[in-house]
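These notes concern the structure reproduced below.
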Amino acid sequence: MSDKKKTILDYLNESMVWKSIFRSGVPRTRRQRMYAVLGNVFLHLHPARLPRHAVKVGYTWCMGGLSFFLFVVLTITGILLMFYYRPTVEYAFTDIIDLGEQVPLGIMREIHRWGAHSMVLTTWLHMLRVFMTGSYKPPREFNWAVGVILMTLTLLLSFTGYLLPWDQLAIWAVTVGSNMARATPFLGHEGPGASLLAIGDVNLVHSGSDVRFALLGGRFVGEATLLRFYVLHCIAVPFIAMIFMAVHFWRIRKDGGISGPL
Amino acid sequence: MNLTQEEKNKLISAKDESDWYKTIEDIKSTRNGLYPNDLAREVLSIYHNKFPVNKYPEYEDSKQTIMNRKSFLTTLSVGWVAFAAATGGFFTVLIRFLFPNVLFEPPQSFKIGFPEDFEPGKVDLRFKKQYNVWIVRDDEKIIALSTVCTHLGCTPNWQETERKFKCPCHGSGFRSSGINFEGPAPRPLERFKIGLANDGQIIVDKTKMFKYEKGEWNRSESFLKV
Amino acid sequence: MIDNLKNIIDYLSTPTISFTILTVMFPFLFPPTDWFDKISRKFGIWRVWTNTGGLILFVLTTAFFYMGFNDDNFSIILNKPDNFPIIMMIYTMFFFTWYGMKKSYINDRRIDRGKKPNEYHDPDDKVLVWPDLVYIEFIALLLFTVFLIVWSILVAAPLEEPANPSVTPNPSKAPWYFLGLQEMLVYYDPWLAGVLFPTFIILGMCAIPYMDINPKGDGYYSFKERRVGYSIFMYGWLVLWIYLIVIGTFFRGPNWNFYGPFEWWDPHKLEVLNNVNLSEYFWVIMLNQPLPSNVILRESVGFLVTILYLFVLPVFLAKTYLKNMLKEYGPVRYVFLMLMGLSMLSLPIKMYLRWFFNLKYIVAIPEYFFNI
């Protein structure tokens, strides 16, 4: 033992600071490796040990993990984009141009946009995998429902973000998308039954008081809409999504970990 | 050695506790201070009969005020209903929060020029951009058509050669009168209130709409006779 | 020769034909009963789910896109930066559906022979998360990051002209993941296609585990043990969602007209779209009289058809063909499954009614925005 010279890494691993952070030491033995997972709040999403099929990419396709990873990537790039972007009709479009031309490393918006498209795809593929392996069956039925809600939230996140560049593509995609809301039964001013909600001659549900107005903050896609979608995109929907993600991940463990044949 | 009948009567007829202790002292003194256990037992039994001891006075007191099962459930449900109503009320107010009192949108009523400015049989596209209306003049009247497609609210384009409004979103087609004739649009375009101002100019008021399917296009405000 | 091929592809990809081909082929690719399975095996259709089949599928798709990128018209659409995710979607959906089905067929054969599925391992033989899983995750994450950064450097995010509320681009499309809904809007009114159907899709998807009471096939790839539910889901997913997105992205041009992939997007292409309501068919064409002024009387036929389809048909089926299903699933599940299933089926039905009879609405009450 003593004849082997200690490397700088050994000194580091034995230092008080290192040991205070990573209690289990360098994971060399089986026991230490289990402790490495159990003692780490992030790795503790996983159990310490898994059935052999559960680590095969051929079984899991890694899509759930990639979806979460993309959520993290989008959060980080999104925060960076927020430093430069102002959600007003006057500035939004030029800020987007500046993001590409006046800011070093001008691919931040690209990473954000392509990452968002990829996240829609990875959640879809994750759902396809879970369906194909029948993993939604009891006891995981509730977690499937949570997953469906998460997928819907992913689409909503992507949709609210679509407006922010404030170009022709954005405004018309959102106009077409949000116009469906005016046809909501009873709640939209062009929905069936809306004209029945009236006191005498006064309609309760009109273009200034229906569900579409609440979404857009106006009768058409404009300044107020941009601000509303910005807030929904940056704060509201991610907040809700994070709550559901916490439930989703926690339930995977509580429902018996990853599915597998008995 | 027992109490005599006379002594018993005396004890029973004692008015209150101080009277009682006086009687006891009397009996003690008549018996030269001798007070054996037997006697004590007898005295005690009379005492318990005369001054019954209440073991759980607080419980007995509260028994009067505590509610029974039925009133408990009533109170509980009233409480929950009140809670639900308060929460519901709060969220209703929250929904109201989404609808501001002041809207900074273009004016809903505006002047567009004199009737002679519009050629018969032509669709005027000048006010599309600012006010979202087309002014259409045919042989006998001028109308103000909404530029919002009745299908999903896109803005159709006027195609002069085919003489129709064609919606780029889902291909709905409308004639210059606003009647829908192709594509998914469920009903004709809406017409706005149109009239003459005091200076002879045409004034369009977008707050009032006229729908064909409700038979409102016959109303005098929905068109301007020329 | 190439031009002829392009014309043939253009012709085949019209919704009327491509949708019919897909719908007819579908039960042979995902056979829900023994009969379909027999035919599928007789003609070797099942071989799609083998390595050879996958390779052919891949070569065909790639050849199609290769032709597309070299075609003057199609390359304009394909080179739009926002359409790249759709190409990615087509490849990944093809690949993963094929991959999952391949594994399912292998497992089905194993189960038929009384063996455990491929995924089965001795439950006591476990692997450690550190390092076995953590490293796989790390590698997947790295590869994906590299892919994302390369993609971001190569393709600039699209930015068109500044927003202008008075000029609607022709065509104007929703984000690609909503194009399935936008395509439904051609056939259904917004309150159905834009509000009710999405709600039904979310609700129905959430309800899948509660409706599917078949305990088999949990935790491994399998098809045969759960083929009915499997093929219904796959039809909804691949044909009524993915296929409609592809149609909406690649094949819908100006005025939302249909254009074949190699066709020029001519904004003046004329398509006869004179659609007729059921009430007009009944009163004007059949009975040769004007439409009644009473709304309820006018639309009585439409209401009757709708009630027959949504309410009488399930009761009829419960008494005849689906007697066993009602017994097995119980009334609540049966009613829910019927409502969801019939709503899903109503989309292709309405599509065909539109294509063959120019039928616009079954019930048309525009006065109250109530159109079916």
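We just call them A, B and C in the order they show up, numbering each chain from 1.
As a convention for this text, contacts are C-beta pairs under 8 Å (C-beta built on N, C-alpha and C of every residue); 3 or more make two chains touch, one makes a residue touch a chain.
Given the structure is predicted, the values throughout are model-derived calculations rather than measurements.
Taken together, the touching pairs cover every possible pairing of the chains. Interface comparison, A-C against A-B: more C-beta pairs in contact at A-C.
Taking the mean of the C-alpha atoms as each chain's centre, chain B and chain C sit 41 Å apart. We define each chain's centre as the mean of its Cα atoms; on that basis chain A and chain C are separated by 24 Å. Chain centres here are Cα averages; for chain A and chain B they lie 33 Å apart. Counting partner chains per residue, chain C shows two or more touched chains at residues 165, 167-169, 172, 182, 185, 189-190, 194, 367, 369.
Multi-chain contact residues of chain A (touching two or more other chains) are listed as 172, 175-176, 179-180, 182, 190, 220, 222.
Those residues of chain B in touch with two or more other chains are numbered 152, 154, 169. Listed in rising order, the residues of chain A touching chain C in the complex are 27, 30, 33-34, 36-37, 43, 46-59, 61-62, 65-66, 69-70, 73, 89, 93, 96-97, 100, 107, 109-111, 113-115, 117-118, 120-121, 124-125, 128-129, 131-138, 140-142, 144-145, 148-149, 152, 155, 158-159, 162, 165-173, 175-177, 179-185, 188, 190-196, 220-222, 259-262. Of all residues in chain C, only 165-172, 182, 185-187, 189-190, 194, 254-257, 268, 270-275, 360-361, 364, 366-367, 369, 371 touch chain B in the complex they form.
Against chain C, in their complex, chain B makes its touches with residues 128-130, 132, 147, 151-152, 154-157, 159, 161-162, 166-171, 173, 181-184, 186-187, 211, 213-214.
Residues 172, 175-176, 179-180, 182, 190, 208-209, 213-214, 217-220, 222-224 of chain A are the ones touching chain B in the complex.
Within the complex formed with chain A, the chain C residues making contact are 82, 85, 88-89, 92-93, 96-97, 99-101, 103-104, 116-117, 119-123, 125-134, 136-137, 140-141, 144-145, 148-149, 151-153, 155-165, 167-169, 172-178, 181-182, 185, 189-191, 193-196, 202, 205-210, 212, 215-222, 226, 233, 237, 367-370.
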